[in-house]
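In this document, chain identifiers A, B, C and D correspond to the written order of the chains, with residue numbering beginning at 1 in each.
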Amino acid sequence: MLNVALVGAGRIGKVHAAIVARHPTASLHSVVDVCEQAARTLAAAHGARTCTISEALSDPNVDAVLIASATDTHADLIERAAEAGKKIFCEKPIDLQIDRVRACLATVSAQGATLMVGFNRRFDRHIRGLRAAFKAGEVGKAETLLIISRDPAPPPLAYVQASGGLFRDMTIHDIDTARWILGEEPRALQAIGRSCVDHNFRLAGDIDTALLTLEFPSGAVATIANSRRSGYGYDQRIELHGADGLLQVGNVLESTVVRTGAAGSHSAKPVHFFLERYAEAYAAQWDYFVGVCEGKNEPSPGGLDGERALAIANAANDAMETGHRVPLAW
Amino acid sequence: MLNVALVGAGRIGKVHAAIVARHPTASLHSVVDVCEQAARTLAAAHGARTCTISEALSDPNVDAVLIASATDTHADLIERAAEAGKKIFCEKPIDLQIDRVRACLATVSAQGATLMVGFNRRFDRHIRGLRAAFKAGEVGKAETLLIISRDPAPPPLAYVQASGGLFRDMTIHDIDTARWILGEEPRALQAIGRSCVDHNFRLAGDIDTALLTLEFPSGAVATIANSRRSGYGYDQRIELHGADGLLQVGNVLESTVVRTGAAGSHSAKPVHFFLERYAEAYAAQWDYFVGVCEGKNEPSPGGLDGERALAIANAANDAMETGHRVPLAW
Amino acid sequence: MLNVALVGAGRIGKVHAAIVARHPTASLHSVVDVCEQAARTLAAAHGARTCTISEALSDPNVDAVLIASATDTHADLIERAAEAGKKIFCEKPIDLQIDRVRACLATVSAQGATLMVGFNRRFDRHIRGLRAAFKAGEVGKAETLLIISRDPAPPPLAYVQASGGLFRDMTIHDIDTARWILGEEPRALQAIGRSCVDHNFRLAGDIDTALLTLEFPSGAVATIANSRRSGYGYDQRIELHGADGLLQVGNVLESTVVRTGAAGSHSAKPVHFFLERYAEAYAAQWDYFVGVCEGKNEPSPGGLDGERALAIANAANDAMETGHRVPLAW
Amino acid sequence: MLNVALVGAGRIGKVHAAIVARHPTASLHSVVDVCEQAARTLAAAHGARTCTISEALSDPNVDAVLIASATDTHADLIERAAEAGKKIFCEKPIDLQIDRVRACLATVSAQGATLMVGFNRRFDRHIRGLRAAFKAGEVGKAETLLIISRDPAPPPLAYVQASGGLFRDMTIHDIDTARWILGEEPRALQAIGRSCVDHNFRLAGDIDTALLTLEFPSGAVATIANSRRSGYGYDQRIELHGADGLLQVGNVLESTVVRTGAAGSHSAKPVHFFLERYAEAYAAQWDYFVGVCEGKNEPSPGGLDGERALAIANAANDAMETGHRVPLAW
C-alpha cells in the first residue's frame, strides 16, 4: 500500500482524495489544508486523518505527497517533500516563474526525488488513442496539429488575477499536449491574443482568446486555439494531419440522445468542464503515478515537461506583444 | 440517339423529361398527356413535340416509351407499346390488380418486348453501396435487414383513395428493396397496420403506419417500418446485420452545417422527399435503361419484379387483417 | 448507513460490491456465496465479512439484501429476506417460471416487504434522456418504438442451457424498457426466432436471433430486434417515432478517435458489453435503491415489473411457435 | 435568353458549358479555344458554334463572355470584353500581378462593364448556410474563424510552376471566404509555409502546406490551414466560434454507407475534389450571374474582391518570408 498525504482540500483536492481512496494499492493517509475545517471534512469522508505539512513530511508511514494546493505553494512543497524523501505528485504548474521552477527542479534532482506533474490530458483515453495511432504510423509523418481548447465559461476575476495569464494557466496544457503527441520541442512560435469574452480579463490585464502557432524541427506546425468561454461546454478537440491522412479526437458529449423534427436534429453538447471530461483521466493518471512509486513506470510528465511548457508559454507572451515569430532554443 | 416518347406531363413526368433531355445518347422526341396544355408546356421546355399516344406508337422514329401517367393507364400502355415494338420504361406499379399485372406481362412476354419498371431505390448511390458491400461479403451471411421508410407528410385524400393502399403504394418500394438486397424471395410475412397519422387515411379505409416482417429462405428476416408522416423530411434508412457486422445507409441531410450552443448541437434534417433524395437515382435509372435499349444492360427491375412486389404487398394486407403469419409460395 | 449483505460473489456480484462500498450512505456489511473462497476474496477487497445467508438474515445490523446469485435461488432468497424484514434488491429475473414468480411476490406482498428488481437499462443516462424527452412531449404521441439489442458474442453452452431461452433471458430487458418508456402494457405480440449464430443454441433448443413486435393500447407498436452476436460490441440503440418527430439513443463508443485516409474514415466500435455500457447505470440503480430504503424513492422497477416482463417473454415463445399474433390480457 | 460565348474548352470550361446549356434562360452561343479541336468537340456536345474571340466580341448576338481560359489571358480578355460591351464572368484570378489586376479593373470601371469573378465557395449551399446563420446572429459576434482547405493530391509540376504559388492559387479562395463570411477586411496577417508534401513544390520554389492567420478590425481572428495533399479527398471544413456558440460546415462524403465490425466503424471519405464538392455551387454561381445580367442581382464577388484577395495573398508571401506580422491597409 502506498500511503498518501494530500495537500489541498479544495475542488481538485477532493477529486484526488476520492481517487486515492478507491485505488487498490494506494491509501489516503492524511489530508493537509490551511483551512482545518476543509481538511477535516475531506479526511473524514475517506477515513483519513488531518495533520500539518510538517507532520506529514516527518511521518515515516507517508510514502507519497500529492500536492493540490494553491499554485504559489507548489515549488516550496515539492522541495520540502523531496528533502523528506517522499514521492511527489504535483498539480500543474510547478510555479509561474521559470527561475523558481528551475531552482525547484534542481533541488528535486539533487535529492534524486521522484516527481510527476499533473498534465491530465496525457491520460485521457481519447487523446492517448490519437497519439498511439500516430506513433503506430497510421497517418505517416506529422504535418499539422490543431488543438482546440475552450473552457465553458470564464472564471471569476480573482482566479484570473492569480492565474499567471492565459498562456501560463490554460494554454500550458495544450503546449504540453503538442510536445507529447509530436515527441519534439518547438523551435519557434507566433501568437495572437484578444480580450473579447469578458471584462474581467481586461481588468486583470489578461487575454481570454488566443491563437498560438508552434513550429517543430520535423517540419510539423501546431496551432492551438483557446477561449475562456465556448458557450457550449468544454470544447476539447485535436486533429493531426499527416502524410497519409487525418486523426481526430472529438468532444465527449453529455448524452447520445438525438431528437429530429421539423426544425432539424438536436443532439447534446460536450460535457461541461474538465472534471467531467477528464474524470477517467485523473484516475488513470493516479494509477500511473502509483506505478511510478512501485517502480513500474517512469515519472512522466516530469519536472522538465513542466519547465518546458512554462518556457513556451512565456515565449508566447513575447510573441503576442511583438507580433513577431519568436525562436525557441533548448 | 434513343428517341423517347414520354407519356405523362405531371410531377414525375417533368423529372423524367429533364433527365431524358440532358442524356447524351437519348432525346425527348415527344410528350403525350390527356391535358394538352401540360404536354405543350413540357414539350416546349425541352424542344420536343406533342402528339397522341397512337401517333407516338405508330411513329417509326420513336424508339422507346416512358410511361409516367396515372397508375390505372400503365398496363394498357405497356401492352400497346409492346405490340408496337417499342422499348418500355414504366413507373411503378404496373397495375394495382395482380391479375391485370399478370395478363400485361404475358403480353410483354409474347411480344418479346423490353420492359423495365421504376423502382428508383435500386439506383440510389447509397443503397447500391450497401448492397455492393453485402454482395462482396463485407458482413457475411445476412441475418436481419431493417428498412425504415417514412414520407415527410401525408398526401391528400384524393391520392390516398387512388393509391391502392399503403402496402401497394408505398411499402412496395421497400419490398422490392428487400428482395433486391437479399437476392431471394420471402416465404412468409407478418404485418401490422395503423391509422394514426391523418384522418384522411381512415376516411379512405387505409392505414398510414405499418410494420412488415418478411422471412427469407436463407434464414434472414427483413423488417419494414413505414409511416406516411415523419415530421422531419424523407426518412430513408436501411441496416443489414450479418454474421460479421452491420451495414447502414443513413439519411441524406439538407446541409452539413452544425450549430452548437448552450442548448446543444443543431444539425439539418433529411432532405424533404423523393424528388430531392432520389434526384441522382432517377438519372442513374434512366442511364441504365438507355443501356438496356443499347443492349448493354439486362432490364432490371423487370416485369417480374413488379409482379412479385405486388403479390407480397397483397399478402401483407391479408396478414394485417388476420394477425397471422402468411406463407408465400412462388 | 445502509448495511448490505451481498449474496453472490460472481461477476455481477463484484460489480455490485464495488458500488456498495463506494456509496456514501451504504456499506458492504457481508458477502455470502456457496463458494467460500469467492466470498472471502470479495469481502476482503472491501473490508466486509463473510457469513451464511441465515446469519445475514438474522443479523439485526443487516438492513438490506442484494441478491446477485444464480437465477434459481432468487425466489427463495427474496421470500426469506422478506420474512426477515430486510429491504431487497434482486437481479433479474425473479424466477424463470411465472407461477413461482407470482408465489414469491405474494409472499413479498404479505410481508409488506420492499423489493426492487434489477432492470439496469432504466438507469442508463442515455435511455433516461430519451424517455424524459418523450414524457416531456418533445415528439408527441408515440407511434413506433424500435429497440435494437445485440450482445457482442454468444455465451457458452452451459449459460444457454440455464438461461430460460433468449426471450426470458435477454429480450426481457427490452420488454421492460418498452413498457417503461411507453408507460403502458402491450395487448398483443408477434415473434420470430432463429438459430443462426451459434451451434450451441441449437443444441440447447434455443434461438439466438429474434424479432418481437408488441402492440400497445395507445396505438404504438414496439419492435425489438435481438441477436446473441453483433460482431462489433454491445449494440444498444433505441428509437421512438412520434407524431412530431424522432428520438434516438445511439451506442456509446470506445473512443472518439477518427482516422481518415484514402480508404475512408474509421471510428471506434461500441463499448464491449453490459459491464462497460451500463457501468454508470449500475451505480445509479444502486443509488436509487438506497433512496428507496431511505424512503425517498418508490421501488421501481418492482416485483410486478418482473412478473409482467416474464409473462410477455412467455407469450413471445408461444407466438414464435405458432406464427400467430398472441393477445395479452392484464 | 442570355447568349454566352465561352472562352476555354478545358476542364473547367466543360463544366461551365454544361451548366450554361442546361440553364433555362441562358444559351451556349459559341465556344472559343486556341485548340480548335477542343472548341469543336465541346461546341458540338451542346449545339453551339465555334469562333474566334474577335468574332465572339463583335457578334451582337453574344450578350456575355464566360472566361475559363488560362490565367495569363484573363485580364486581356476582361478588358476586351468590357470594351465590347459584354457582360463578363471570369474564373479566378483576374491576374497574378496586382498592378495588372488594378489596370484591368480600371478599364472595367471606365467602361461601366459588369464583371463577376468565380469564387465558387460563395455559392456552396453549406458555406452559405453557415454564413446565413452567422449573419442571423445565431452565434453572436465572431471571435475565431477556422478554414481547413486541403486538396486531395498535389498537381503536376507544370501546374505548380504557372500557379503563382500556393497563396495566390489556392489560399486565395479561403481568403475570399473569410472576407465574405466576416464581412470585413483584415488589417494584419501572419503566415507559415512548408514544402513537405511533394518534391515538385520545392523544384518550383513553392510551398504545399500553409497556415495563415488574419486579424480583423472587429477583433475576430481567422486561421486558414492549407495542404496540397490531404490523402483522403477534398477537405473543406469551416468553423466559426462566436460569443454565443459554434458554427461548423463539415465535409460532403461520398456515401452515407457505414460498415461496423470487430475492427470498428468504417465510413466514406470526403468527395474527391472541387468538381464533385462544388458541382452544385458552379450551377448556383452561374444562375446568380444570369440574374446579374438580368438586373436582378449585384455582381458579387466582383473585381474588387479579386483584387483584395490577391493583395492579401501577396502579403502572406511577405509574412511567410519575414516571420513577422504584416499590417494591411485599405
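To be clear about the criterion, a residue touches a chain if its C-beta (ideal position, glycine included) is under 8 Å from a C-beta of that chain, and two chains touch if they have at least 3 such contacts.
Because the structure is predicted, anything quoted here is derived from the model rather than measured.
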Winner on C-beta contact pairs when B-C is weighed against A-B: B-C
Far-end chain from chain B, centres as C-alpha averages: A
Chain centre separation (chain B, chain D; CA means) in Å: 39
Cα-centroid distance, chain B relative to chain C, in whole angstrom: 42
Distance between the centres, which are taken as Cα means, of chain B and chain A, whole angstrom: 58
Interface hub residues of chain C, defined as touching at least two other chains: 139, 231-232, 244-246, 260-262, 268
Chain A - residues contacting chain C, complex: 22, 24, 45, 125-126, 129-130, 133, 138-139, 244-252, 255-262, 268
In the complex, chain C residues that touch chain D: 231-232, 260-270
Chain A residues touching chain D - in the complex, by the definition given at the top: 139, 141, 143-144, 146, 150, 188, 190, 192, 194, 196-197, 209, 211, 213, 215, 219, 221, 223, 225, 227, 229-232, 235, 241-246, 323-325
